[in-house]
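The data blocks that follow each hold one structure.
Below are two complexes that have chain A in common, paired first with chain B and then with chain C.
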Partner chain A sequence: MKIGIAAAVVVAVLLYPLVLRGPYPQHLMILVLLNALLGTAWNILGGFAGQISLGQATFFGAGAYTSTLLFQHAGVSPWVGLVAGAALAAALALAIGYPCFRLSGHYFAIATIAIGEIAGIAVTNWEFAGGAVGLFLPVEGEGMGAFKFGDKLGYYYVVAAFLALSVALAAWLRRGRAGYYWRAIREDQAAARSVGVPALRYKQLAIAISAALTAMAGTFYAQYLLFIDPPSVLPLSLSIQICLVAVLGGAGTLVGPLLGAAVLVPLSAATSVALGGSGRSLDLVVYGALIMVIAVFEPSGLVGIARRVRRRISAQR
Partner chain B sequence: MIAQALVSGLLIGFVFALIAAGLTLIFGVMEIVNFAHGEFLMLSMYLSYFLHAGLGWDPIAALPVNAIALFALGVIVYYALIRRVLRAPMLAQVFATFGLGVFLQNAAQFLWRPDFRTLGNTWVTGRIALAGVYVSGPQLAAAGGAVVTTAGLWWLLSRTEIGRALLATAEDRQAASLMGINPDRMFALAWGLGAACVGVAGALLSTFYYVFPQVGGVFALIAFVAVALGGFGSVVGAFAGGVLIGVVESLAGVFIAPAVKNVFVFAIYLVVVLLRPRGLFGKL
Partner chain C sequence: MSRRLALTLAVLAVSLVSSRAPAAPPAEVVIGAVYPLSGNLAKVGNDIKDAIELAAELVNDDVDIPVPLGKGRGLPNLGGARVRVVFADHQSSPEKGLSEAERLISQEKVVAVMGSYNSNVTATASQAAERLKTPFLNADSTSPLLTSRGFRWFFRTTPTDDEFSENFFKFLGEMKKRGKTIKSVALFYENTLFGTDVSKFEKKYAQQYGYPIVADVAYDAKSTNLNAEIQRLKAASPDVLLQASYTNDAILSTKTMKELDFRPQAILAMDAGHVSSEYVPSLGKDAESVLSREVWALGLGAKKPIVRQVNELFRKKTQAARGQPIDMDGTSARAFVGMLVLADAINRAGSTDAEKIRAALESTDLPGDSLIMPWRGVKFDPKTHQNTLGSGILVQIQDGKYVVVYPFDLAAAEVRWPLATWGK
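And then the complex of A and B:
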């Protein structure tokens, strides 16, 4: 049954933009897939290994800025830039992880906030990277090789492929040795270490992979919107939103971030369409209330609801 | 110039300290970080604004009103929301309070528009020169009020029966309840007191700071860092953290550049916790 549902979801995602041809439904779904990708990347570090990062925007920005700057100043293909951005983000992640993984719980989370804020301020004051003004990418040149498409369809399938790759990687890692080590570290790091789990090395693995995938998403974002600046790719609010997608969906599970993105993105879009027109942020009032409701009634995330539904169906048989 | 920067930093640092003390009290008693703390502060500042604009009450005179109103808000939030996530995973607790913050901030924007408001003349307008250092009246009053309130909180916690009951609950919930302390009531009290701290801070800030729906974010982030810097759950630590951040921010603003002053605030947090992973005064 599980494989059946997964296959149905994959087919639905592939057919979606061919059925709904309008730019808005396609844009909305691109955002869903992008958030699912970011949530999946967060989940490897926060859900599997239990290290709560509230600084994912640092890696997202590293990806967006690396590919954009390489293209603008050296004419490097964004695809090469994507790899370079992911490598840079992973290196950055290792440099952050090495000292910061000594910290536990809230201290680690606040350290990631601190690093994210420093990165944001640094780029804002860095003239070469466009400073507070930001960077525009040239519009001309289309096609797969240029990582630039005239319509949304190309972007749609690229981000869908990125997501599929990330989910497959997460599933594979979770099933292997790393997955078991991460679970042991998450539940009780001291106990894990006492039985010989190399905790630091596996936490470093988690943050490096998480950062590389997040940077890929950052390059995609830059190529999709053709404009980046610190408030759009490096804010604390983005880091929190990434965490929110994974946690409200269900941290530590494979489908959690996908479910979280599939519910939260359309939800915030719907409330802003229905209520946001007044410019008085009624949509965010509703959004905040919904976050509270989910946290109270489904503390393990939306996955909990899905599980209960499935149990009820199988009980009826 | 150094003296001026030091004094300004100390004065605002005392206010940071009071906000951080409220946050750390709640955390210390029940290990929940209140991500709506900044929004509590914002509500208190609006309360001062409306009392001043509507009834002509001076924010300093109305200070007890703010403290009582925010105490009530804290208790209500505890019973309506926090009690339901007490046994939930840490991340669910984070998002319960985070959702509350989003809700309150945007409700304020919906009700009162995103305008920046100021109170105009209050009792403490003007400035004083002391040995060549200029001190603005509102800032001096805010710092004084913050020090007195933080000291009061410390006295309450360490010298009174009810404070000991709170600390006992923080230490060991079950042992405390065996001693006849009702943990539920202690949690509610912690939320009340924690919110009352920002109630006072909000009234004090309203005499010289803009009142707008997002004002809480400015102070909440600094309060989180101050709390972690001092060590989660330690009132003395939060006080030291708040003052240290105020001074660092002010010195960096004057001697390096105002645009990058927060880099130094975050950097000092990183340096401190990398040397002492549980902050300056945290329990090891």
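And then the complex of A and C:
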């Protein structure tokens, strides 16, 4: 049953851009997949290991800037840049994690906000990285090798593949030893340590993997938009949206971030299409209100709602 | 026999196809507009929206105002087709700008796109248009980078920050000739694309024209406190302050300058916030004598009656749409003209075909007297597609009104120099 649903979703995702051919529906779905990828990456750290990060944009920006700068200054292929960006983000994450994991609970979340803001300000004032002006990538020279496509299809399948990779990685980690250790740390860190769980090391593992996956998404974003500047890849609002996707979907579960992205992105687009042109900011109000409704009525997210619906159906049988 | 039948069928088929090809012209031509309609630029975005709608109304209705396409209904070369504008909100996000431009082009089937005020959003939105081979007209982003990308489908009517910045220093030179002592300048600018780009040109020209920069202060336009920044400026005590700000931060900075009693001889602002319709009403007397570069001022009406006529209509339009009459400013005037330039090109193309509209834009040649601008006209550079006939003016807030003071031959009043003490 579960495998059947999963297979159906995969087939639907693969066929989607072939059925809906316009650039806008394809763009929307690319955003859904990108957000699902970011949510999944956040979930490894925030959901599995219980370390709430509100600074994921730092890693996203690291990926975007690393590949773009390497391409601009050394002509390095963005694919190599992607790996370099992921490695840099992981290293950065370890450097952040080492002092910050000494903080517990809300204090860790606050520290990650501060780090994200510092990164944004630093890059804004960094001439070499384009400063506030940002960096343009040339539009010409399309192809798989250049990580640049004339239409949306190429981007679509690349981000779908990234998402598949990260979901598989998350599933594998969750089932293994790391998954059990993370759960133990999340529920009660002191208790976990008392039975011999190396808490710091496993938290470091979680943040490094999360950062590397987020950086991959960052490189993808830079190649997709061909323009990056601090307000678009390093804002606090991005960090919060990433967290929102996972939490609203259902933190700690595999499908949560996927469900969150599949609902949030179209919701934001629909409210903005329906009401955005009016110039009264109504779309943002409606969007915010809908998020509040979900958060108030089902704190365990969309996954919780889905479970409740399923239970009710089986009870009626 | 069968041969003749085939021939008849072929002729019939051809006549069917060809009778459809030059078909009745469309009843309406749809143009997309991607602007910041929410968030902290909502006010500017809505001014632009009303201005573009007004321009479309003048095209669609038979009006006796000498703007392009004012006479007669609709676009004459398309059988009087009406112009309809579909707006989209980009929330100042480059990603939203890209996706909204794509949506307008592919879903709403717009024949051309206008946008997007913020230079960084214009960068991505115009890229979407470039990929989808749709003309993109930019009337209000002044980052010189935008026309240096070699795009085929991107056109810009407004002069760039490079030209405007140089204008400042030419003006300072004139003031020196009139006996003012101007020894130093300070730079104060918001730290995104707009402000930092401006500062680069100001640095370049300050050096070229020989004015030492005694302070160079960048700040975040969203910040709610500018005390530290203004303190630094005050400590440097420059003769002239060159400022580039958006609306809220322009107001906040002026208030802070008053609190901390920072008063250089003159403030030369890079339009944007300092010429938004909120600046003077929120500050009253404290806004007096601030100078700003501008592409437009109500005062141009003294020499160009068309400016007054259009502004009257704009006041009526904003009264109806938002319950209070609003005067045009540099941003809404540029959007208004941008829309007319686009409509003129579509009309000359005589078609909604993208390539034909693009070619028509390239051969645009509008004379200055049909525009509400101080420009000599609109004519695009064949390579960069930058308007080559644009030029800037300087305005000064005198008794609550923006008055043209430079160039001196277009001036409606004398420059007030130096700034009076606060509250006087």
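FYI, the second predicted complex is superposed on the first by the 313 of 317 C-alpha atoms of A that agree within 3 Å, B and C clash if a C-alpha of one lies under 4 Å from a C-alpha of the other, contacts with A are read in each partner's own complex, and residues count from 1 in each chain.
Here, a residue touches a chain if its C-beta (ideal position, glycine included) is under 8 Å from a C-beta of that chain, and two chains touch if they have at least 3 such contacts.
None of the values given here were measured: they were computed from a predicted structure.
**Q** Counting only touches as set out at the top, which of chain B and chain C does A:Thr124 meet: first, second, both, neither?
**A** Both partners, chain B and chain C.
**Q** First (chain B), second (chain C), both or neither: which does A:Ala111 touch?
**A** Touch partner of A:Ala111: chain B, not chain C.
**Q** For A:Tyr16, is the partner it touches chain B (first), chain C (second), both, or none of the two (neither)?
**A** Neither partner.
**Q** Touch test for A:Trp79: chain B only (first), chain C only (second), both, or neither?
**A** The answer is neither, since A:Trp79 touches no partner chain.
**Q** So, A:Gly134: does it touch chain B (first), chain C (second), both, or neither?
**A** A:Gly134 sits against chain C, while chain B stays out of touch.
**Q** By the touch definition at the top of the document, which applies to A:Leu284: first (chain B), second (chain C), both, or neither?
**A** Both chain B and chain C are touched by A:Leu284.
**Q** Of chain B and chain C, which one touches more residues of chain A?
**A** B
**Q** Residue overlap on chain A between the chain B contact set and the chain C contact set?
**A** Comparing the two interfaces on chain A, one with chain B and one with chain C, the shared residues are 121, 124-125, 280-281, 284.
**Q** Quick check: in the complex, which residue numbers of chain C touch chain A?
**A** Touch residues, chain C against chain A: 37-39, 42, 45-46, 49, 86-89, 91-96, 98-100, 102-103, 105-107, 120, 123-124, 127-128, 130-132, 143, 145, 149, 191-193, 195-197, 218, 220.
**Q** For the complex, give me every residue of chain A touching chain B.
**A** Those in contact with chain B are residues 52, 99-100, 102-107, 110-111, 113-115, 117-118, 121-122, 124-125, 236, 240, 243-244, 247-248, 251, 280-282, 284-285, 287-296, 299-300.
**Q** Which residues, counting only chain B, touch chain A once they are in their complex?
**A** 33, 81, 84-85, 88-96, 98-107, 109-110, 113, 221, 224-225, 228, 232, 257, 259-260, 262-263, 266-267, 269-270, 273-274, 277-279
**Q** Going by the contact rule set out above, which residues of chain A touch chain C in the complex?
**A** The contact residues of chain A facing chain C are 22-24, 27-28, 31, 121, 124-125, 131-134, 136, 139, 150, 221, 225-227, 229-232, 269, 272-273, 276-281, 283-284.
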